[in-house]
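Below are structures written as structure tokens.
Two complexes follow with chain A in common, the first pairing it with chain B and the second with chain C.
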Partner chain A sequence: MSERPMIDRYTWYETLGVYLGLLVFLSFVLAPFVEGFLVSLKPLEHLFSSPYRFWPEDGSFDAYFTMWEHVPLLGRYIVNSLFISTVITIVVVIIVVPAAYAFARFEFRGSGPLLGMFLAVNMFSGAVLLIPLYRLMRTLGLLNTYFAMIVPGVAFLIPTGIWLLRTYMLRIPRELEEAAWADGAGRLYTLRRVVLPIALPGIVVVAIATFIGAYAQQFIFALTFNSKSEYMPLAVGLFSFFGKERVVWNELMAASFAGILPVMIVFVFLQRYLVAGITAGAVKQ
Partner chain B sequence: MTRSQSATLFAFALLAPALIYIAAIVAYPLADTFHLSFTDAALKKAVNWVGFANYQKMFRGNFAEVIVRTFVWTFFSVSFKMVIGTCAAVLLNASVPGKTLFRVLTLPPWIVPMAIGIFMWGWMYNGQFGMISGVLQNIGILDRPLPWLAFGGTAFWATIITDVWIGVPMVTIYMLAAIQSIPRDLYEAAWTDGAGRFYRFRRITLPMIRPSMVTMSMLSLIATFNSFDIIWILTQGGPNGATTTMIIDTYKVAIGSYKYGEGAARAVMICIFLSVFCFFYFKVINRFSRGETR
Partner chain C sequence: MSQLTLSRLKKSFSGTDVIKGVDLEVSEGEFVVFVGPSGCGKSTLLRMIAGLEEVTSGDIVIAGKTVNDLPPVKRGIAMVFQSYALYPHMTVFENIAFPLRVEKRLENDIRTRVEAAARVLQLDTRLEQKPGTLSGGQRQRVAIGRAIVREPKIFLFDEPLSNLDAALRSDMRIELTRLHKKLGATMIYVTHDQVEALTMADKIVVLNAGRIEQVGSPLDLYHRPQNRFVAGFIGNPKMNFLEGTCTAANASGVSVDLGPLGTINLPRAGAADLVGKRLTVGIRPEHVRLGSDGAFAMTLRPGIIERLGIHTVAYSQLPNGDTFIALFEGDPVMSDDADVAVSIVPADCHLFDAEGQAVARPA
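And now, the complex of A and B:
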């Protein structure tokens, strides 16, 4: 579209109003990141000084180097976070793909209520089920292992995954599958060779959403089910910067940005698909 | 075996991994929570049936206060998220240069690890050195440092604001999608008839996105009611219990004091409230979907 249709033209004060509104909104959304980044540049003694100064006068990237010495396990925490999220994503995709296909294509008795049941899982956060989960993990001998964080993490990401992928699969025309069946292909063969390749973009969206969710929400299980530093994800490991007397805020913020980086890379490259996929799953019911 | 029977069998085979997983990691623990709530389970080995003793003990304490606080906290957080998110969605829908970039910039609070975002807020709320107290002093609104998390009143609102910050991107993107799914001819017809922008918003946009607003409010309500990380990292339910919601209370009793039985009774109360929310949610959804077909 080279020329904007009349209906989309704004008067100057309408345009100004939109930009002002967005400025206020985005300031709220982005302020913590700006402040966090500036804090990571300030030397600690400047941080703990009054009056408050927004801009770092003798800012440097020192904290980004000293943090690795101060908390030697920091690298390990970030790797743990990535590892836990990756394993969760793989398991969720393996479980979700067949389940979503079943809900999208087969009309069996009780499929509606069953789907509702899966979605109801979203109601219960990990916090509500913490006590029995703790006992379960203890019985299975999984406390203080990676599995203590992976096993419950998977459960709470399955329902959204099923929902997103089912919506995607509902939009795939049935004709291809029917043609495959007519040619005598088995159901499993059809799923593997016909459905999966077409559904791949949807599966990718589910995988990204799951990975981001798993990376963002690893706190309560890690806090409760694991006390070994070598398995801690970043969210819990960051507490290492909370010293006895003071919090090393500049290094804490620097480490936070190091931890944000991997998920930001994933996001920047794939946000287009993610937003489209999630909103399609959300609105068209 | 008929064709439809074999199809059903195949469907259940496909569902089996998901079903078994959820049964083991969600359904069984849920049942176990109900069971534990009637016992005196704790760190010790022996577990005795105590009937409703945990519930009686809970209500003799300050539990009613915790319930009220949880509802007030949740109400304000969800309301702010919905109002801010819907307004932002309307603004992001305007076809002005840079809108794609603005949409992407909305998302970071939702993408980054929650704990990291919360740490950043924790610093901003710092009284001596944090940004909020500092800026308000510089422009003369505050005359001395205000440590937001140190007082019950301010800590309550501080945790709400952080919760809004984390939840608002999802609401915004969802509402934006709802606005964009409104057929464009509606606007064009109204525009041809000379309807102004505000009139079109009030008479077309608002009624059309109402179902999505209800859905999102409900989803947001459930998520907010369960909010744990934010309060735990910022205040651990303090100062003096001012931010102790039901989830935090459950955690403190069960995991903090190892009183599994009493903690389970609190978790059961949360489940009951959530089920009531869900019941209303499905009622509302049904009403809307019937309205659509009529």
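And now, the complex of A and C:
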């Protein structure tokens, strides 16, 4: 007999159902990645062959090497992407940590409506505000700078960060801070020595979510506010593979994969924090 | 000289009065217990002394100095919280050292003091562990350790044993009493458990609905409760209350007609105007005796009998429907729904007037 508790035991058809469900879901999510990867392995002329074949015959990793020659700035694009996302993440964490603590602990007039406003900002996608933002950037002479891509990114990611971290901090027992206060520690000392170490998993979650968010949303800001190729992030830089007559699909896909690789690696290392943070009953009383 | 004085202390939260004027004197080295039902304001009162809650009006004076507006650390107090409030990411050593680190003491000094505290609390071998790996009793001791390293004048405990199981609780009770003897410091202890109050306190403060009902030694409260609330709150099982009417009263005795139970004469200095008033006679279950040779005989018919070996508790119904509890030594022969003859000695009885205040005994 299995060692599982009664509530976790399934019949064979229930187990089958669970795995079938997983299969459908995962194929739906992962199919584009698989197809993208297969395309990156095919020679270009095979892509337009008819009938279309999914499996690459005489496939090779050539595209992964030739792409650097066709688009010399590709490395720069990837570095730009990482740079923009990293700066956004650092700025967001620096701003969100004290803000979330204040919303979690201090009672001040307007804290409820302010939180509501932050939630409302989340409901706008950045796209709705692109034109006013563009005019603003142009007036301030900020177009075609890293700044123009970083600041809107920060602004749109702060609300999520505050909501995430505030919820986490609300779970830290107030008595811990009262104990520190009774022992003579001031607010900042308590924040540094007691609250932040306990909130660390929550802060890591915010950082990861922000980084991923920044990586995903930089496309739209970069496209609108920047036209200098040396500042382009990868998502915009990929347009270089669109030639006058044809699109170099295999290299385009190869470049996409090369671009997400660093993020994937970071994510693999940090995901245990993500899980720990989300499931946190981590704070022992 | 009193070390801590509370005078006309009041506290209200958004218009609701929680503490309604408390006056209290605590001498140096005393073990004072605040006891009362939940919501009586005992924890709020402690938190006000600690400096965690603001004072609405009145004064808190510690060692001759009004401390109303001082932060906890400047009041010379240390507090042990109900949830222990240990820092989960620090070792036991760092937890105990926390107040010393705040004071920016030298590393050597910190080490000496933490190790001394750990020896007192038998935590020497646990210093490098995290609180998460400790048992409830050990965590409690770490919390106490954090309080004693600073050598405060007054220790405040907020229901420190309520998260422990029964066996551990009685062990920790003894340890705390021992610690009090050893340190000789003033301790103020909040609990809703009257056993903790009776066993540990030099002085018990019974609180009810934001007011002090009575202050006294444990035996004082047990033998001479000043009102019905204290009489019912202190003692387990609870005191029985018999309602009656005064039929005669003079300087040496009061007669109370208890209806179908008969008339009982109590040695009390009753004023003559008591005659005709409603009175309540209180009798503790342990003062009910088997047999009818006492001065006031009753017949009980126990519906439920609890036999605990050391004593036996019988629950019977009175003619008016109230439950009457009697507690006998050992395990006397008696059975459910069979009459038992018992008696009460009037000197053991308590007497309360219609307002619930005790009627004075003859001088």
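One rule holds for everything that comes next: the second predicted complex is superposed on the first by the 269 of 285 C-alpha atoms of A that agree within 3 Å, B and C clash if a C-alpha of one lies under 4 Å from a C-alpha of the other, contacts with A are read in each partner's own complex, and residues count from 1 in each chain.
Rule of thumb we're sticking to: a contact is a pair of C-beta atoms (placed from the backbone, for glycine too) under 8 Å apart; a residue touches a chain by one contact, two chains touch by 3 or more.
Treat the numbers as computed from the prediction; the structure is a model and nothing was measured.
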item: Partner chain(s) touched by A:Ala235 [first = chain B, second = chain C, both, neither]; value: first
item: Contacts of A:Phe269 with chain B and chain C, given as first, second, both or neither; value: neither
item: If touched residues of chain A are counted for chain B and for chain C, the larger one; value: B
item: Partner chain(s) touched by A:Ala180 [first = chain B, second = chain C, both, neither]; value: second
item: Partner chain(s) touched by A:Ser111 [first = chain B, second = chain C, both, neither]; value: first
item: Partner chain(s) touched by A:Val194 [first = chain B, second = chain C, both, neither]; value: second
item: Touching both chain B and chain C, residues of chain A; value: 283-285
item: Residue ranges of chain A touching chain B (in the complex, touch as defined); value: 4, 6-8, 10, 14-15, 18-19, 21-22, 25-26, 28-33, 35-36, 39, 47-54, 81, 94-96, 98-99, 101-103, 105-106, 108-109, 111, 114, 116, 118, 120-136, 151-152, 154-156, 158, 162, 187, 212, 215-220, 223-224, 234-236, 238, 249, 252-253, 256, 259-260, 263-264, 267, 271, 275, 278-280, 282-285
item: Interface residues, chain B side, partner chain A - complex; value: 7-8, 10-15, 17-18, 21-22, 25-26, 28-30, 32-33, 36, 84, 87-88, 91-92, 94-96, 102-117, 119-121, 123-124, 128-131, 133-135, 137-138, 145, 165, 168-169, 173-174, 176-178, 181, 187-188, 191, 197, 212, 222-223, 226, 228-229, 232-233, 247, 250-251, 254-255, 260, 263-264, 267, 270-271, 274-275, 277-278, 282, 289
item: Complex interface listing, chain A residues touching chain C; value: 173, 175-176, 178-185, 189, 193-194, 197-198, 283-285
item: Residues of chain C touching chain A in the complex; value: 50-52, 71-73, 77-79, 81-85, 87-89, 98-99, 101-103, 131-132, 146, 150
